[in-house]
Each structure stands twice: as C-alpha cells, then as structure tokens.
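The first chain written gets the first letter, and so on, giving A, B, C and D; residue counts start at 1 in each chain.
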Amino acid sequence: MMNPLHDRYKAVRKHTLMLSEPLSDEDCGAQSMPDASPIKWHLAHTTWFFETFILERMEQGFAPFHPAFRILFNSYYNGIGEKHPRAQRGLLTRPSMAEVRAYRANVDARMARLLAGVPDAELAALVTLGMQHEQQHQELMLTDVKHLLAQSLLRPAYLDVPLAPAAAAAPLEWLALEGGLTGIGHRGDGFCFDNELPRHKQYVAPFALASRLVTNGEYLAFINAGGYANAALWLAEGWDWVRVQNLRAPIYWYQDEKGTWQEFTLHGGQPLDLNRPVTHISLYEADAYAHWAGARLPTEAEWEYAAIHAQAAIETGSLHPAGAGDAAGLRQMFGHCWQWTSSSYSPYPGFAAAEGALGEYNGKFMLNQYVLRGSSSATPEGHARASYRNFFPASARWQFTGIRLAR
Amino acid sequence: MMNPLHDRYKAVRKHTLMLSEPLSDEDCGAQSMPDASPIKWHLAHTTWFFETFILERMEQGFAPFHPAFRILFNSYYNGIGEKHPRAQRGLLTRPSMAEVRAYRANVDARMARLLAGVPDAELAALVTLGMQHEQQHQELMLTDVKHLLAQSLLRPAYLDVPLAPAAAAAPLEWLALEGGLTGIGHRGDGFCFDNELPRHKQYVAPFALASRLVTNGEYLAFINAGGYANAALWLAEGWDWVRVQNLRAPIYWYQDEKGTWQEFTLHGGQPLDLNRPVTHISLYEADAYAHWAGARLPTEAEWEYAAIHAQAAIETGSLHPAGAGDAAGLRQMFGHCWQWTSSSYSPYPGFAAAEGALGEYNGKFMLNQYVLRGSSSATPEGHARASYRNFFPASARWQFTGIRLAR
Amino acid sequence: MMNPLHDRYKAVRKHTLMLSEPLSDEDCGAQSMPDASPIKWHLAHTTWFFETFILERMEQGFAPFHPAFRILFNSYYNGIGEKHPRAQRGLLTRPSMAEVRAYRANVDARMARLLAGVPDAELAALVTLGMQHEQQHQELMLTDVKHLLAQSLLRPAYLDVPLAPAAAAAPLEWLALEGGLTGIGHRGDGFCFDNELPRHKQYVAPFALASRLVTNGEYLAFINAGGYANAALWLAEGWDWVRVQNLRAPIYWYQDEKGTWQEFTLHGGQPLDLNRPVTHISLYEADAYAHWAGARLPTEAEWEYAAIHAQAAIETGSLHPAGAGDAAGLRQMFGHCWQWTSSSYSPYPGFAAAEGALGEYNGKFMLNQYVLRGSSSATPEGHARASYRNFFPASARWQFTGIRLAR
Amino acid sequence: MMNPLHDRYKAVRKHTLMLSEPLSDEDCGAQSMPDASPIKWHLAHTTWFFETFILERMEQGFAPFHPAFRILFNSYYNGIGEKHPRAQRGLLTRPSMAEVRAYRANVDARMARLLAGVPDAELAALVTLGMQHEQQHQELMLTDVKHLLAQSLLRPAYLDVPLAPAAAAAPLEWLALEGGLTGIGHRGDGFCFDNELPRHKQYVAPFALASRLVTNGEYLAFINAGGYANAALWLAEGWDWVRVQNLRAPIYWYQDEKGTWQEFTLHGGQPLDLNRPVTHISLYEADAYAHWAGARLPTEAEWEYAAIHAQAAIETGSLHPAGAGDAAGLRQMFGHCWQWTSSSYSPYPGFAAAEGALGEYNGKFMLNQYVLRGSSSATPEGHARASYRNFFPASARWQFTGIRLAR
C-alpha cells in the first residue's frame, strides 16, 4: 500500500545518513564548540525526537532502545527531564557510531510499523514535525562539521571537489516596494512552525530592497576601507565583540603566505571568489557593513513582503553560496545565504506555544536572538518558504549567513 | 534680564548636588558593580558633558578645567577619544569630591557667561540635551547608591525616614483598547530624544491592558507557587540566569531571622509592603510572572497607545514606588516603576542619529536591550512623557522596574 | 645481529599500541579536559619525539613524515616552535587513527635503519630517553582514558573483567627511621631523568613512616567524620577548592540509588573495596586526611631514604591499586599509588637542564607543583625507581595518587 | 607606673594612624584589587584583632564595639565565623572613617585598662603578636595605597617630596660561603612567628651570594636584551603569565612620551634611577632574570646562613629602596627589598600551629607560595630579623620585592 508520509519519512532519514557518509567515525564524534554538535549526536538526537515524541506516546508496549539515551540525546527539553551537558557532547565516545546507526535502524523499523496504516491527523502532524526538525539538523550537520574541519591546520575538505569560479555579479539594484497594511505570517494549509503563526496585520512603510546579496568583493572593499577599525560603524556591543577578539575579517577568511585572501569551504580552502556572496557573517558585521554602505538591514516584515510581492524564486543550493549572475529582478532570496534582519525574534501577536515539552520547540528562545530570513546552500530541498523564521544570536558566524541591504 | 533656559539649567544642576547631600565623600567614591557608577563620577560626568559638547565648541578661548578629565569622565563616546575603564571608576579617589565640586562650579560659571545673552537655537538645543542627560543621571544616582548601600551588612538608609504602609490596592482590572493603524513616536515641538523619532505608523491589534502594576503581594504568590523553580514559565535564557545564580526572589528582598519578607529600600530595610508594586525586577522575571498569570507583557506600541488614549496621568514620585489605591482607570503608568515591554530596542523606521560623537547617545545601543516605558519614583519631575523609550538588558534589576500586564 | 637497544625500543613501542587495543577509533580521538590528551595524540606525540629529537638530527636525507605534524604533535617545547593549542587536541579528527598508525610504522622503520649498527653513546642516550618518555605516556594513556570513560553516564569499562575483592589490610604500623646526613638523588650508571641529579647531601631528622598506604575504609571514616566540611583540616587553598566545587569524596567515588559507595575503575563501576588503597586523591585531600589522622605527609627526602633503607620491593601492578595484605615491613611503596609528598618540585642543588629544546623536559615545571614518589598500578614495568620524581599540581586527581603518612 | 608593653602598644598603634594621615577619607575607602585592602579596612582589622583575640577572651563584661564588625573585619579566620567577601572590602563606605577611628580609640582605651597592671605571660604574648600583626599591616598599607594611586591617570604622590638620585652602585661581587650542617630557624627568647620554628638542622652546600641587590640598570639591560620575549629564560608558568598579560617591564615602570623610562613611587612618578635596586618584581621575573644572568636565586636556608655568618646590618628604610653605594661586604639584606628565594613556603620539621583560630595565622598558607627573606623600605623599624619568613604567590608584584642572586 502506498503511504506518501512514510515515503517522505524514509527519504528524509536516508538523506541524514547520506550527509555523514564522507566522514569517518572519528569526524562524527568531535564537537568544536558548545554551539555545535557532533554528527553522531545529530544522528542520535533526531532519532530520539521520533522515539520520545511519537513512539513513547503511540507505540504499543513501548520500551526505549536504551534507557540512558533519553538523557544523552535530549537537546533542551526541560519537560522531558535531565540532559547531558551540551558542551560535553564530544565526550560521548560511547555509544559508538555503530550503536547509533543501530538505534536509527531500530526506530525506523518501529516507525514503519506505526506508519503502516493510514496515520491519523495527530500522528501525521507529529511525523511531519519530526521530519522538519530533522531537516533543520541536516543543515546544522553541514555547518557544524565545517566548523570542526576548520579547526585543523590541515584544512581538510568535506567534499574533495574544487569550486568553480562564479560569473561576474550584476551591479546591485534597488527594487522599490510600496508596502502598506499587509498580512504577515504563514498562509494556507501546508506545514509551518508555530513561530510563523498567527498570520496578522502589520503596517510596512514604503522601502527599497537590494536585488541581490552583498558579494565578497564588496565586503573586501569594506575591510580595505578600515571597516573593522572604525568604531563609528558598529553597534556598541558589536564594537566590544570586534575588539576583544581582535577580528579583521569573516570567520573562514584567511590570507596565504603571499597575502592573498582565501576562504575555507566544505570543498576545502579556496581562493576568495569576489562574485559569490559574503557568508558566515555575524549580525554585528552585517549591520556595520550596511552602515558603511549607507543602507540598513531589512525588517523581517519587509523581507517577507518583498519575497511574496516580487515572487522570489527558490534557487538551487549546493555546498557553497553561488553568485547572482546577471538575471534581472530579486535574486538570491533562497538557496544561498540566510539573511539577517534587524528584527529581534519575538512572538507574533496571539502566538501560543504547544502544550507540554513540544512547546519548548520555539517560544522559549524569543529573547536576544535575531531573525534570519530566506534559506542557504545548506538548507535541504523543500524546507524553505517565505514565512520561515530562522533565528540566532547576533554573534553567530558559523551558519551560512549573508547580507541583504534595504533602505 | 530674565533667561528661562539659564534658570532651568541652574535648577537641574542644583538638584543633582542636592541628591548627593545625604552622602559622605566615602559613599560618593565607591562603585558596587561595573553597571553602576560612583556618585562622584556622575557629578563629574554630567559636568564633562557641558564642557565637552558646549564649552569646547562655543566658549571663546576655551581651555579645559583639567586636561585629564576629558578621559576620566568620558562615559562611552568613542568619537571623543580614550576613556577610563568603566569597571574602575571606583578607584578614582583623585580627583577628590572637593575638586569635583570645584569643577562643577567652574563649568557653571562659564555656562552662565555663555547663557547671558539670548541663546541661539543650536546652543539652546545643546543645553536642553545636557539638562535631559543630567536628569537621566539623577535617576541613576539613586539606583546606583541604592545598590551600593545594599552591599553592606549594615543596610544603611539613604534617607532615614520610615516608609508608611500603602493603602490596599484595588483589584487588577483589564482595560480594553481597540488599537488600529496608529501614530507612534514623539509629536509636537517639545524636547524628545532622537530615539523617539520619527513619528510613524504602526498597526496595533485590539488588546487589553492591566489597570495597575503587579503588587508585591501578587508577586509573592508567584514565589510561593514555586515560580522560580518551574522551567516551563521561563524563557530559555532566563532559566539559565535563574539557575546559575540560584535566584529565589527580587534582588532587594530578604527574609529576617523569623522568615518574614523584608525589602531593602532607600529608606533602609522595611517590611515587604504587599500593596506596593513589585520593583527591581528583570525582564526574565517579568516575563515569567506574566506567563504564570496567564497574560503577557505589552509591546511598546501598545503601551504608548494606551498612555495617550486612556490619558494616563503623571503621578508624583517619592523615593519608593507607591500603591495604586482604589481610583478607577489606568493607574501607575508614570512615577512608580518603569514597565518592561516585550519590544526589543530598535530604531524607528527612518531613524537617523546625530552627526559626530553625540550620535553615539542612543543609536549604538539598539541591540539586545529591551524597552521600558513610563517612569519611576526616581525619575526627576518633568522628565517623563508617553513617547519616552528607556532601555536595559533583560537581566537588569537595579533600576526601579516593574510589571504591567497585557493580553 | 643482536641489538638489545632496538629490541627494547620495539617492546616499548608495541606496548603503547597494545594499550590502545581495547578502544575504538572514536574513543581514541576524544579529550575530556585540557590536562588529558586523546589516545591518538599520545600515539602520535611519542612518535614525534623520536622523529624530532633523533631522526631530524641523525637521519641522512631527513624529510618529515608530514610537515604539519611538527606543530600538531609538539606538546610544550617552545624551542621547536609553534604548537597546536593543548585544549583543542580532541578536535584533531584529521589525521585519522589509520594515518597515525602509519606514522608510527614509518618512524619505527626509519629508527630500525638508524639502530641497525652499533649505536653511539649520544644516539643510545636519546633513544633511551625517548623510551622512558613513551613509558610516561603509557601511564597517562590509562589515566586519560579513565577520565574520558568516566564522563559517560554509561560508565563503560576499559577492560570488561571484574575486580576481585582484596584481602583484609593489616593494621597500619609506624616504621621508625633514624635519618641523618644522607645522599639523595640517583646513584649509579642506569638511566635517570635530569631532575634526579645531581646526587647531593641532605640532613633528614629521625622520623616514622606508615607501613602501607591509607585504605578506602580509612578514608571513608574521614568522610563520615565530616572531613570535607571542616575548614580547620584544610590548607587555605584546598578549602577554597573544596568549597567552590562543593566536593564530598574522591573524584571517581559515587553512591548508587541505595546510597552504597561505588568506585569507577578501568574495570567499570565497582563496589568500593575498603581494603584497597584510596586513590585519585589531590594533594589538598591527602594533606587534610593526614591532618585529621594526626600525622603528616613525608618529604621526598624521607620517602627516598625509607625506600632505600627499608629495601622496599617493586610490587606488581595491574589496572587498579591492590590491597596491602598482611605481610610485614614497608609495603606498597611501588606499583599501587603515587604518593604525595610535602615537597614542592624544585631543582636539586647544582641542577642543570640539557641544552636546547630537550632542556624543557623537566626544569621549566619546577614551580607550584608537588613531588610524588613511588609508582602506580598504571606505571609500566621497569619504569620505577627510588629516586624517581613525579610531579603534579596540588589539585590533580586523575592520576593514580594515594596517601602515605609520616610523623 | 611604667609599663613598657603598653608603651610599645601605643607607639605601634600611633604609627598606623600616622600612615593614614597623608590620605583623604576617599583614598582610605578604595580597594584596587582583591589582593589589596582599603586603608580603612587595615585600620579596622588590626583593631578587630585585639578586640577578638584579647578583649573577647580577657575583658570582664566584654561587649563588642559593634556586633557586625566581627564579620566585616575578619580577614581569613574560619574559626571566628563568617567573613565579608575579600574582593568587596572597597564597598564598605559604612562604617565611615570617623567610626573606624572611634573604634580604634575605644579598643585602645579598653586595652589600656587591661594593660594597667602587670600583664601575665599569656596576655603579653597575645599583645606582642597583635603588635607584630599590626606592623605587617603597616607595610601592606603602603604597598596597597601605592597600588591604588597607580591606577589613576593623575599619578598622585603619597608624599609629595622628590626622590634624590642614588649614588653609583658598586659592581656586584660574589661572596663565597662554605655552608655545612647548620641550624636554621629562630634562636633565643625574642618574639618570632610560629613559622620560624622549630629551629632545626639543615645541610647547606657551599655557595656564593651576591653582595647587593640587582639594580634597575641591570634589569633594564635584561629588558633591552629581549628578556620578556625569550621563552627559554622563563619557567613554564611564568611564560604563560608574561604572554597572557603581554608584559614588558616591572609593574610600576612606564615610558613617557619621549620613551624615557619612569617609575611610579610613593613620591609620584620619578625618572628611573639606574642605581637603585629593581623592585616590585614577581618571582617569575626574578627567576628569569637570574637565568639570564647565569645565576640562580638563593634558597631560604642559604639566605639565612649568609645573613647570620656575614653579619648583615639592618639598614634604614624610607619610602623607596635606596642604592647600595660603594661599601664593601654584604649589603641591602634588610631595609630595601624583600628578596625572593627558590624555597616554597612549607613547615619546618616539627612545626605545630597554635590551637584555635590563631592557628590559622601562618600554617594554612603553606602551599603554592614562595618565601621572601630580608625586609623592605616599607617594613616598620624593629620588625626585621634573619629568621623572618615572608611569603607570597609567585605572581605577586605589588610588594617591595627584589632580586638577590646566588650561584
């Protein structure tokens, strides 16, 4: 019997494993910083999500695969109980990768039994949430392993395939948008996260949006103009951040012995491609650049309004953001870099979190984080939409983040 | 010749000195934490502001009172140059209080000469800004010295006058407000800070606002119900904050040997008055309380809309927030506690900072801080207005902050 | 042709690899704290030592196995140049274990060629130093992996073999030693480290030494008597250390659900054996226990004097310290626990470090570290001697350290 | 009736107050770092010592001057109970200086009644200990206020009297000493601290001691030779210390706009006097200098042996270490700079601390501190002797410490 939900489930789960294939067991165990997690932990945690939120509720005669996994692979759900300390995920050499693969297979088999019939609405909703959750971790697997590989003097590639030079980027254009009283938030029957709801009205004043992302070449001009040494361009907190760490460039940029700029990518070290968008940028850097360029970052409402009214296309990602090329109209809204907005991550009017531990999914992070819109080259296919609200602290640099200007 | 600007200048300057009168020179030199400053430093910095931003620009034959003061009493203006480290303001035993008083007198005399004629518009604007700036420091002097005195086992009073019990607080009522597309930001010709401009349109959905602030009695019920031990009520960052510091009550609450709740005030330790508003609350605590009470915090637009449409009165402050009593309508909007909103501090559409160092006054702090509205018992007379945007990090507790609920 | 030096070289190198056999590649990559190193790093660093200090000096046509390894596997030799940050050794997922094994094999083959003839004195001395160095790392491999495995909720065993209960420990006796003006330091032609030289005179006053180590049972009595809560027993620095970390027992002790004391060992969790010596004790704890017991720790001169004059036997180690049993005389001097002395680690009169980077081996650590004497159950056979000076900071607990009383 | 003990008591107490005379109340309240204390705190703590250890035991009808002072002015005696946090002594603006002076007068009056008759041996011993304790704090008052004044851009002088240039220092000579089995520790009936006992035998090998302290001129040569940038000269812990803080010179040295070296002294900023001894040196710096100079630091036994056998004179201090001049023999052993030894601070064989809280005076600090011998320009008259053991952590720089070489 055909079961499209189970087919999608299998496809998502298979893609996760596929992402771990270029890596050794050693690669999969290490954690390069508290914000990042080992690949093995991602493989286990996404499985824990299905076991805890679906099997534990709905499987007859439920027994956990391993009782300690409930603690070891809980990320941040206080409602579930104890958690292994986040910063020590890299010390979990046991269970081994082989055991975690067995855990995945076991849960997949039990899920298959549960999905054998026609799923009821609650099960379907939970499975869909679990798949969306796993897709979010697919993106994190790529950004986390990139950060790990970047720690090594050897600068190893995740995929040992060279990155072709991008075509020349067309000049940045300003698209005028008239705004007005507009609907913001998810519309329609498709899946969305709770933080995209409820759809509500906002007034958006007329504004202009840049036709494409800021390029490495443009960002290099900012550096060469002394951008990292000019307090007047930075938010107070950003300036402290720059000075304490003595920063001079994006996190993965470095100069070779001759002083030529290089960029560490999932393809290993590469000459800096001036036509590709600048990426792995903190909000501090994005804001300082915008200030320098005589512009500003968009609000999330402006971004969403533009994405819908200018009918931005979902572009195809690879392992690194691609150039804008010379096509007209609004480009690079999806598939290259998440785009920082000036909007702090806060609840939409009337927002209500789910009951129980699943209510911790989004709402409890709505403070001191900023919204990113769009999607990146690491976002799985089918995961992006115009109302999607990604969020990170202003200092985060290990995600595929970039700069879209507004004014 | 009558000169109202100079009269106002003299009144503001005199009030500042008056605030230091109950204190010894020793009291005036100490700094209890990096966020707070010594009274002596406030006296000098507010003077530095007039010397640096007015006399240096406009006084003929300008010579600084003391060349080192330019560095010692600069707060955060990178455009002016070097600064004495903020956390070490309490180590400045030299210059002495007597020298700082002489500095004040010297600058006041030079300002008197400048203000002798009819001031031009630029001078008048700068003097007005300097006075508003000094009033902000008047409030900080009270909150900073309160924090300092609270460090001592002796719990000394700033003013050794007992605090009378408040009348019973009327039950909290919900005032319904219809909202709509509304103007937000300062209107008219009077003074306002740059962050209150430009006036712009926002859409406010219908909402209800609490008629008064949350009382100590209500907050005590939250504590007794286990509020500080229930992760489900807190934002993720707030929960970390509570647990790392093992917090159980507002910062100035303590229990005597018999377990009775007391509150440290500028009048010294006092029995906790259940009818007065709870104060010295972080945004984390305000949000957790609202969650527990089945409500939420207002946005700053909602607060401003209500203050104007319900014609909130400016109430008279003292040294501690007073009870709401039993009058009808919207009470305690001004004069008791600053009220946390859920709005992060960000620029209004079209915001532009001033040129030069004065442009650092407000704009560079627009990240990871949250807006407070209203005014407190420590706010100087004439300083409050409906469009005023105060801001602090979510963890700040030493200001006179309180909780206004919305839903 | 028989070559005993090469035979010993091969035996030492083989033993190192053998120690890694019970572990997966994942286990070998992780680092549980900055003081500990991954097993893979130990395998590589001991090889680096031969490549850097012998092959680079003496091999014809020397070319490094991999140029980056010179940096990656340098521990602390500033004279060699740059070093990978110590706390980030666990992030080196590349080179892989397979590459590190290949590195070992390559260096072993090149060493075989160098050792094919009759080695001259300099080569023989350097090879001997390299083997002794590798033996030190063999002990660290066991203590480091024990610390790593202890981080997991699963409490996995390094060797999954149960630990038999020890026989009852004989009562502690006091052996009287007369001391006098005595020779201290290494004597004879055999190998010793530079810090054991020069042999020199010290005056040792008459003293008494405990016949055996302090047992778990005796240490448990100290805990039950409130030892960890009594400031009067502790050095000031030790008391701060206990209170900041809220310590109540040795690092690897824990109580099961019923409150029964267990000890984590290389054999996994085991019931606490009251007849075995207490181990994994900081100097702070050893000193507080001695204070409580009305005794003191020996000086290193007393320990060395006793070891020689009472003819202490080298006892056979296993993976955990064994009981003393009921034999008479001085027991457990070697083969169970390193024994804290009250002597700070400092140069013997006339001490001179070697020239060049090898001079950094010992001398530069002679400050704020304390001497341990004897050897432990993890010390390789043939590595112990009476003049051996081991040293660690007073807070170190992850080594097999124990308590020998004096008075 | 003549009472010499009371006369000495009054003289010591008066000298303490005299030291505070050049300072304002503001100066007396501030604390520049956790290791240093405010002058006001020293005035109160030395008084607390007499009140707690003498009056509380021996005064009829004892009642404390103020019950909170028992906590506020306890330094580190756990046996007495709670303590105000050390790092927050600068926040005690209450009690005021006037109240602390009244506290001193009150205790002095009560002590006068106690000392009116012929004191018994126990009282005499306690009063003597209290006076010696107060003399130690007299030295700390000078070093602590020097550190405080050094924090200010204004570089104010404690005594506004210029420092005359020293005469040329005679060349450093090496005095040969033959050593042997010798007695170490206090001898005779006079007062000594418990850590100078018991007198015991040590074997001292033949050695040579420098005739005078290392001068600023010699130390400047070390700096100019790149001493602070050469890892090979430093202990491992010292090298970390230098690099983390990016140090390049002694703590109070600085260069004026022309690059000329200046030294901050209690007389304010002064041109660096090349003939005076280098002072305010950490043990790390002293050891690195000795290494560079092809020498070493003496042990404390060597120092004491030399002081007695070469009959070193007590030289007269002022507020800054004086030059050695050209006299022959062993100079500058007392009265200029405390001299770092290579000996860690540990108990003499048979050391026993006093019973009760007074037993915390010395013994509990015998770990990770190093012994200094001699006395300094800040040591009160009559406080120095050959067996005196001063001690500080290796990183301490705010004391008047200097370098005596040995070999």
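Criterion: a residue touches a chain if its C-beta (ideal position, glycine included) is under 8 Å from a C-beta of that chain, and two chains touch if they have at least 3 such contacts.
Just so we're on the same page, UniProt names per chain: A, B, C, D = Ergothioneine biosynthesis protein EgtB.
Everything quoted here is computed from the prediction, not taken from an experiment.
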item	value
Shared interface partners, meaning chains that touch subunit A and subunit B	none
Where subunit B and subunit D are represented by their mean Cα positions, the distance between them in whole Å	46
Averaged-CA centre spacing for the pair subunit D and subunit A, given as whole angstrom	59
Shared-contact residues (touching 2 or more other chains) in subunit D	none
Overall pattern in which the protein chains touch one another (line/ring/star/complete/other)	ring
Residue ranges of subunit C in contact with subunit A within the complex	24-30, 32, 40, 68, 71-72, 84, 88, 90-97, 148-149, 151-154, 156
Touch list for subunit C against partner subunit D, complex	76, 78-79, 181, 200-203, 205, 231-232, 234-239, 283, 287, 342-344, 346-347, 349-350, 359-360, 364-368, 394
